[in-house]
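Here's a structure for you.
By written order: A, B, C and D. Residues from 1 in each chain.
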Amino acid sequence: MNKRIDKQAFIDKLKDGQTVMVGGFMAVGTPEILIDWMVEANVQDLTLICNDAGFGDKGIGKLIKNNQVKKLIASHIGLNPYAGQRMSEGTLSVELVPQGTLAERIRAFGAGLGGLLTPTGMHTLVEEGKQVINVEDKPYLLETALGADLALIEAKTSDHYGNLIYDKTARNFNPVMATAAHEVIALTHNLVKTLDPECIVTPHVFVDALVMEVHDER
Amino acid sequence: MNKRIDKQAFIDKLKDGQTVMVGGFMAVGTPEILIDWMVEANVQDLTLICNDAGFGDKGIGKLIKNNQVKKLIASHIGLNPYAGQRMSEGTLSVELVPQGTLAERIRAFGAGLGGLLTPTGMHTLVEEGKQVINVEDKPYLLETALGADLALIEAKTSDHYGNLIYDKTARNFNPVMATAAHEVIALTHNLVKTLDPECIVTPHVFVDALVMEVHDER
Amino acid sequence: MNAKEIIASRVAKELSDGDLVNLGIGLPTLVANYVPSNIDVFFQSENGLIGLGPTPDDDEIDKNLTNAGAQYVTLKQGGMYFDSVTSFGIIRGNHVNITVLGALEVDAEGSLASWIIPGKLVPGMGGAMDLVVGAKKVIIATTHTNKGKPKIKKRCTLPLTAYKEVDMIVTELAVMEVRDDGLHLLERHPNATIETIIEQTDAPLIINHVKLMEV
Amino acid sequence: MNAKEIIASRVAKELSDGDLVNLGIGLPTLVANYVPSNIDVFFQSENGLIGLGPTPDDDEIDKNLTNAGAQYVTLKQGGMYFDSVTSFGIIRGNHVNITVLGALEVDAEGSLASWIIPGKLVPGMGGAMDLVVGAKKVIIATTHTNKGKPKIKKRCTLPLTAYKEVDMIVTELAVMEVRDDGLHLLERHPNATIETIIEQTDAPLIINHVKLMEV
């Protein structure tokens, strides 16, 4: 059950047109080296699911800058000037999702749910095209599950099985994305023999492959 | 922000007719002493939400034996002979819920969701009286949020703020129930100054009161 | 080998290295005794752990470490604890490779009845409905008949646990697979003739090449 | 005190001991500077922590410890980290006592517009829609007007962030509360007359006893 892969094995998993979830919140907790390798591989027409668009030269922003992204599903794109630019050029489409709804939709996919009812977005543009369902006379939006072909996440430490823990606010979307993709690849900065079974955040069953980065060069 | 309460303060929070969630799985992780105090207080007409009915003399089974429970919402009642007996006597009504659906319904309440779409129970008796909603041509049951007046949970250790960690499989329903009641009371076996902020399972904001039991006498 | 041992040992051959497996209570728990030694399998217990280890000695018992059948267990290396929401997220979310469950009835369409015995108190479905719906592969491990009456039906007559979710049925007589065109007889126990199996099965069987069960 | 400081200091008086508070980026973050010293308040940052501590010195900066505005922060005792799902469960689930947010427009019904400026790139709603819907008490902290134009309307004209969710509006001129019967003027800044406030507000104000703002 050796899950470690190298750069080439990672690049071999990338394909044009894939839907890829990437962990991170304004690039904190984004597996930068994996993004760099995606830029290097220059895969095209990606659909990305991420909390935000990162920055121009940090996080998934690098993929947007390099014109590899066809569609972005995110809660915020304001810190990456290339996102707006690509949108007005017509090469990038953006679906804006409230941050909590984004988290729940990804969670729903990972937990085998078809969707969830949230009050968030009721009576706003977010409601457009969605079913409104009343429960005890209160209206909720039906939001559907959101999964991906690939999830790229960043962990602080992994054990040999692929159990993961995270570092402070670099946790954010990483654990939930680890549940919601057909293949989950984790960048880890430490590899240890065992982790405290009470403190493991992502059980190894969610993790398909590990990339080891001892020296964090960001 | 002192959350510690004593036996009398606990008993003062109990009322006839309350809906009470109790953590535990076959009584593992059930705050036994709080159940004993409920038996002592002899509050009546309770609606209990718990994974199961416990045993005849362990867990919430003691409340059923003592005829304090009007309704039980659970996934399994087979290990408590009094549950079946009270049902046939007509003094106890039981709503059986698939275990994963029970967990999700409680979670939905705690997370402010109106409900969720699950494939579990489709084409079974569980479907009765529920809405079926199709998402991408797949049918799901709409299950609604489930909350309570009071949640009684058992933790291994609390810090002074009420942050909680649990012990092995005694965790089970405790963390989710901590999110889903108007008042949450935790029995804790240890009280410490600080807990590792990466390993806290239940943030203190969910916990209203702490009962300290240094000597576990079960 | 008795019937249960035959069933458990055959089911165990379905496991692959790295699999996450959830065993129902009763007969299915025996499967753990027959895991091939050359593979590493993780067992989940839906009350909140992955990585069931060997049964503890009396002096190693921890009252807060049990399986979903309330038996004392241990945790093996690489295992971890989690809450019920996570546990059923793993189950419903298709992250369990194989679940093995018992049956009152199972049918040619892959529907399962396992929670209501007419005239008896209904103890509840526990986690079974989620497991059958959520696991990648659902294996029913059951004796072929109950007091001589077939448990494998064309259509279940008892209230369902799940509709069209079962992938494979393993009994002491045969191994069957539910496919789109019906129930295929894949293997027979060396002591069971195809005629016996047909006779004791209340569902049409599609029969092509029937291999001998390795147990 | 400038307008922002007046607003932030007044909002801070709404906090109680033990409150969980979420401050939006911009003006609302200033509220943290005015928390009364006799109460203990926990600030949440929706990217994944409760217990924001003081801004770190340069040599204490941890690149993996930031707030929702991507600023480096610290964690105070009793605080903890969690993932985005938990964070928004806390927010949506009514566990945040008070959220303080800015506005483009806010109206007499308690509806808020804060995420779309016509003709400009829409950066996204981030977590604002969840916060406004989920927090027990929603306080809008905003200058009373924008370049002389009222921000407090009878009805919002811009696309909404949330409908009928705002509880209180605090500006440099006044404190207003949204009630079932309309928008009540509760307090005025000592330098602002009721006439000025009415003039600069594009919504009918219900006026009974108007106290002086304590700042």
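Keep in mind that, in the parts below, a contact is a pair of C-beta atoms (placed from the backbone, for glycine too) under 8 Å apart; a residue touches a chain by one contact, two chains touch by 3 or more.
This one's a predicted model, so the numbers in the text were calculated from it and none came from an experiment.
Asker: Along touching chains only, what is the step distance from subunit B to subunit D?
Answerer: 1
Asker: Counting C-beta pairs in contact, which comes out ahead: A-C or B-C?
Answerer: Pair with the higher count of C-beta contacts: B-C.
Asker: Which integer distance in Å separates the CA centroid of subunit C from that of subunit D?
Answerer: Centre-to-centre distance between subunit C and subunit D: 54 Å.
Asker: So the centre of each chain is just the mean of its C-alpha atoms; given that, what is the distance between subunit A and subunit B in Å?
Answerer: 33
Asker: In angstrom, rounded to a whole number, how far apart do the mean CA points of subunit B and subunit C lie?
Answerer: Taking the mean C-alpha position of each chain, the two centres sit 29 Å apart.
Asker: Report the inter-centroid distance (CA atoms only) between subunit A and subunit C in whole Å.
Answerer: 34
Asker: On subunit B, where are the residues touching two or more other chains?
Answerer: Each of 104, 107, 111-113, 118-119, 166, 168, 198 in subunit B touches at least two other chains.
Asker: Using the touch definition from the top, which residues of subunit D touch two or more other chains?
Answerer: Within subunit D, the residues that touch at least two other chains are 75, 81-82, 88, 91-92, 133-134.
Asker: Pairwise, which chains touch?
Answerer: Between chains, contact exists in these pairs: A-B, A-C, A-D, B-C, B-D.
Asker: Within their complex, state which residues of subunit A touch subunit B.
Answerer: Those in contact with subunit B are residues 104, 108, 111-119, 131, 133, 135-136, 138, 140, 142, 144-145, 165-166, 168, 196, 198-199.
Asker: Mind listing the subunit D positions that touch subunit B in their complex?
Answerer: Of all residues in subunit D, those touching subunit B are 17-18, 20, 40, 42, 50-51, 75, 77-82, 86, 88-95, 133-134.
Asker: Can you list the subunit C residues touching subunit B in their complex?
Answerer: 45-49, 62-68, 70, 75, 81-85, 87-88, 91-92, 111, 116, 121-130, 133-134, 159-164
Asker: Spell out the residues on subunit A that touch subunit C in their complex, using ranges where they run on.
Answerer: Contacts found on subunit A: 1, 107, 109-113, 159-161, 163, 179, 194-195, 197-198, 200, 203-206.
Asker: Taking the touch rule as given, give the residues of subunit B at its contact with subunit C in the complex, in rising order.
Answerer: Touch residues, subunit B against subunit C: 25-26, 28-29, 51-52, 74-79, 84, 87, 96, 98-104, 107, 118-126, 166-176, 201, 218.
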